[in-house]
Amino acid sequence: MSVAEFFDMGGYALYVWGSFGVCALLMIAEPLLLRSRRRNALRRVARIIRMNAEDTK
Amino acid sequence: MLEVVDLECVRGDRRLFSGLSFSLGGGTLLHLHGHNGSGKTTLMRTLCGLVQPTAGEVLWDGESIRKQGEDYRRDLVYIGHKSGIKGDLTGIENLRISCALDGVAISEKQAWDALEQMGLNGHEDLPARVLSQGQTRRVSLARLLVNRSRIWVLDEPFTALDKAAVEFLQSVIRSHVDAGGMVILTTHQEVKITKGQVQELQLGWKRDGDV
Amino acid sequence: MSSRLINWFKFSSPSTFYPLAGRMVTLFSILAVVLIAVGLYMSFFIAPTDYKQGEGYRIIYIHVPAAWMSMFIYVVMAGWSILGLIYNTRISAMMTSALAPTGAIFAFLSLWTGAFWGKPMWGTWWVWDARLTSALILFFLYLGFIALQGAIDDNRRSDRAGALLVMVGIVNIPIIYFSVKWWNTLHQGATIKMSGGASMDPVMLWTMLIMTFGFWAYAIAAAMSRVRSIILERERDTTWVSELPEVNR
Amino acid sequence: MFEAFYTIVSRDLLLALRRRSDIFSTLFFFVIVVSLFPLGIGPEMATLRLIAPGVFWVAALLASMLALERLFAADFDDGTLEQMLLTPQPLFLLVLGKITAHWLVTGLPLVLMAPLLGLQYDLGIDALQVMLVTLLMGTPALSLIGGIGAALTLGLRGGGVLVSLLVLPLYIPVLIFGAGAVEATASGLGGAGHIYMLGAILVMSLVLAPLASAAALRISAE
Amino acid sequence: MFEAFYTIVSRDLLLALRRRSDIFSTLFFFVIVVSLFPLGIGPEMATLRLIAPGVFWVAALLASMLALERLFAADFDDGTLEQMLLTPQPLFLLVLGKITAHWLVTGLPLVLMAPLLGLQYDLGIDALQVMLVTLLMGTPALSLIGGIGAALTLGLRGGGVLVSLLVLPLYIPVLIFGAGAVEATASGLGGAGHIYMLGAILVMSLVLAPLASAAALRISAE
Amino acid sequence: MLEVVDLECVRGDRRLFSGLSFSLGGGTLLHLHGHNGSGKTTLMRTLCGLVQPTAGEVLWDGESIRKQGEDYRRDLVYIGHKSGIKGDLTGIENLRISCALDGVAISEKQAWDALEQMGLNGHEDLPARVLSQGQTRRVSLARLLVNRSRIWVLDEPFTALDKAAVEFLQSVIRSHVDAGGMVILTTHQEVKITKGQVQELQLGWKRDGDV
């Protein structure tokens, strides 16, 4: 089966790739968002620690 | 016997009070002091069980008020900043309904007398909507005259009242205390309650004199 | 009993749950990648072409897993909420809110892929058929939950409100699942009966199952990493957080 | 105990009587929605008869969804709700009372009005009967379920929408069965099955909703 | 002068931003109404296409009618309206400002959303265009006219219904021309005539409504 | 120069006051006395033009306020029972907007200073919703610090304020009077304003002492 055939999906290209595409998109986007959220959380904690350090000084 | 065991309350990112402990026996009045925003209202609402403290507990006769629920509430009256008055109902109706819900239904007659005492003669059957601030306040305070609960929690009860009304309310409070009740009170005005049975509690972080 | 309760509580404290969650994230992300990779390979190269739907049917390999997960995750959320009410452990509320977005994504995917399947099969993107509608409802439930928690500033209130909402919403799950039985609809009935008998070519079935497990692992990984962030945000001024290695790096 | 239930119901009815609007506004809204359609769509009886059940049920659903906002909000603002939370009464009973009154004021008139409006869409007698029955079973369920949403979103920034967003998913089944029953009858095949489902929903919500709402109120009043 | 207008508009937009709900609630309501009908009525495309213009316009009308209650009420309750009456600014300007903001928040999103929803009822492109145009002209008129009713009924017992009662008669022409235009286009014969009428209504209300509302406010505020 | 020519106001079936005439020059403070419901608020709202009197007129610089409309309003500040504060906006935003509408736009900086003076440090950019009563009150009073109108009409401005704040507000009022402004004030609390520039006006029908 040729690559072209494969991507044509027997005429159903739009639908099949439309679904799988969006699915992939979301399931890649979410982890990225999660990563950035974690980064922010860590940054905030770090800031608070620094603040407390200031106060104790 | 009301006990508060190191109570803590945090609002937003400000810790209003923490490690707050005191106990209150019958026949005493607790006067909360503190500048605006010091947490008086918050503390009172916590004592009523309307606000969940972030830490600590409130005990009534040795048992947590959370557990007691209705039994505790039967012993409690709270009069806060919000009048708790329905503008579309007359003073009489407002009073009778709130009493009925408190479990001490009162007769039309009793309601009239209470409002009469509160100096609302001639305004008893106006819709509360048209009353002046002071008059509205008087209607909500009238509950105290017919209610037999042991703890009164009064958040700035004197606001909007004229001098005569303030005098009268103070006498009512005094007699409740003398009769062995407890009163938790906050006000920014002077109170003349016979000292001795009075406990004071200071909240807040501002040095006094600071605006 | 009591001993089991005790170590349950041990894990229910954020400080102990946090590292545990960390380990689960790594484990399940790997699992998810492997399973989904295999699943995709099978769904495109192993699984035979469907005799009446042609290649178009291959959507089933994400549609059904997504649909199932969207329901499954909601049930799990409800489970956590109930635990939260019984033992009021803080972690349960955090888990509930950590699961919601992932669940919402799967609910959306089941709608989207369904729509992209419906167009070729039924000639329309959308019909107001029971199954579809109930899937839409589920999506709304997720959105409602997220919106409610978003609207409340105070953590404690949002936790309790959220838990209550989830438990109320749970009544919809049976409706979704049995909607096909109750109304005769365009939509497929359950191919996998509770009794276990499957009305499907085994290869297709296996592919679907592998994909499902892949999604399942993905969901766990996502939820766990989200819950870690939530813990960090809420416990930000505790000592154990300030002593974490990743913070002091 | 029932004392309290009775007090609340009579209180809310009295209030509704004082500001009649509350009775009419929902009814009026319902009437508007139902009667505007012929205006917007045009008078073909065929079409109208076709869409009638849908229109009626959607209208009823919207009407009760909008009435929700007023269920607890007023009491919340003027502090009477706060006072209710402090009364020595089982809260769910008070909630049930409020919802009952609310339904009597907003739901019932609408139910009674429906058949008259139904004539506008010339529905058959039996269809009308079924409509009456389903509405009579459906609207209380709507009020009960809606109460939970109203309580949860009390005093929140997002009031209005949130309620709809939370409540809608739970409303839709009622809508489907309700409209379904009427359609089924109108098109000959009996709507009994749908009506049973409605009954089930009503009973369930009658049992669970007040408890849920009560819990929600305690959460929101903080 | 325009300073004041600008201040009010930005203030209300800021407020809307703070409680996003207000933006969404109307939009969401609109979406619900439009999408629930297929649920109630059933999926036959033919029927749907037939009733689409009606549904959309009725939905838009209801949405803006419901949004009205929020137009002045909040400011009235917290006393900011009172303060506005006491500012040294021509009141009608402030009113115009409030209505503008109100439309931007409640009307515009709905207009922009309509075409998307139109697809659900598979309307043709040109029908969709006309729908967009008519809504774009109609909804501001609705807000302006509605403002009068809202101002008159401010703080009255009876708010809700009264508004609808007062406003509805004035709304119906807008509805008829609006829906008319779309139908006319959908069924081939152009809707230009209707659209001109809509324009006329819009201009008139733009001139008269703010003055009327301002007067009404002074009366109600006493 | 504010003149009141036999003003009468009837509410429901009660004549609150009638034949009321007085005039108020620059640099004076008019202190309204009267029991609850005696008509103080009503009178003040009439003076602002919010309420139409049943008889009589209010003149500003010899001309009826009805005619003057905006010119009169430019010289007026009214702070009543309702806070006039938007709970969703921060103190800063509330202040700046109300000033902008008063026609005296102020900078962010000025707003911060005003609130600072009112003792709201650290609460300037919280949504007013979460502020305590006293704090909310302070936000609405902050207008007085930046506003340059000649007449201040203050209806029980001291309610919910703590002692320090009351002190401060009184000094603000005093300095406004000294600067030639006019203040119309009602309160049930004691006011310490240097006598001499102070006019008193008694409303109401109750003998004092009566509740």
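For reference, chains read A, B, C, D, E and F in written order, and residue numbers begin at 1 within each chain.
As a working rule, a residue touches a chain if its C-beta (ideal position, glycine included) is under 8 Å from a C-beta of that chain, and two chains touch if they have at least 3 such contacts.
Since the model is a prediction, treat every value here as computed from it, not as a measurement.
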Apart from chain C, which chains still form joined groups through touching: A | B, D, E, F
Minimal path length between chain D and chain F through chains that touch? 2
Chain located farthest away, centre of chain E as origin (C-alpha): B
Same-site or different-site touching of chain D by its copy chain E, using the half cut: same
Remotest chain, chain D as reference, centres from CA atoms: F
Rounded to a whole Å, what is the gap between the Cα centroids of chain A and chain F? 57
Quick one: report the Å distance separating chain D from chain E, using the average Cα coordinate of each chain. 25
Could you work out how far the Cα centre of chain C sits from that of chain E, in whole Å? 40
What whole-number Å value describes the gap between the mean CA coordinates of chain B and chain E? 46
Each of the following residues of chain D touches two or more other chains, namely 18-19, 157-158, 161-162, 165, 168, 172, 176, 222
Any chance you could list the residues of chain A touching two or more other chains? none
By residue number and range, which residues of chain C touch two or more other chains? 133, 151
Residues of chain D touching chain B in their complex? 3-4, 7-8, 11, 14-15, 18-19, 77-80, 82-90, 94, 221-222
Show which residues of chain B lie in contact with chain D when the two form their complex. 48-52, 70-71, 73-74, 76-78, 80-89, 93, 97-98, 100-103, 105, 127
For chain B, which residues count as touching chain F in their complex? 11-12, 14, 34-37, 41, 81, 117-119, 122-123, 126, 130-135, 137-138, 156, 159-168, 188-189, 206, 208-211
Please output the residues of chain D touching chain E within their complex, sorted ascending. 18-22, 24-25, 28-29, 32-33, 36-37, 39-42, 47, 50-51, 53-55, 57-58, 61-62, 66, 157-162, 164-165, 168, 172, 175-176, 179, 183
In the complex of these two chains, what residues of chain C are touching chain D? 130, 133, 137-138, 140-141, 143-144, 147-148, 151-152, 154, 157, 160-161, 164-165, 167-169, 171-172, 175, 182
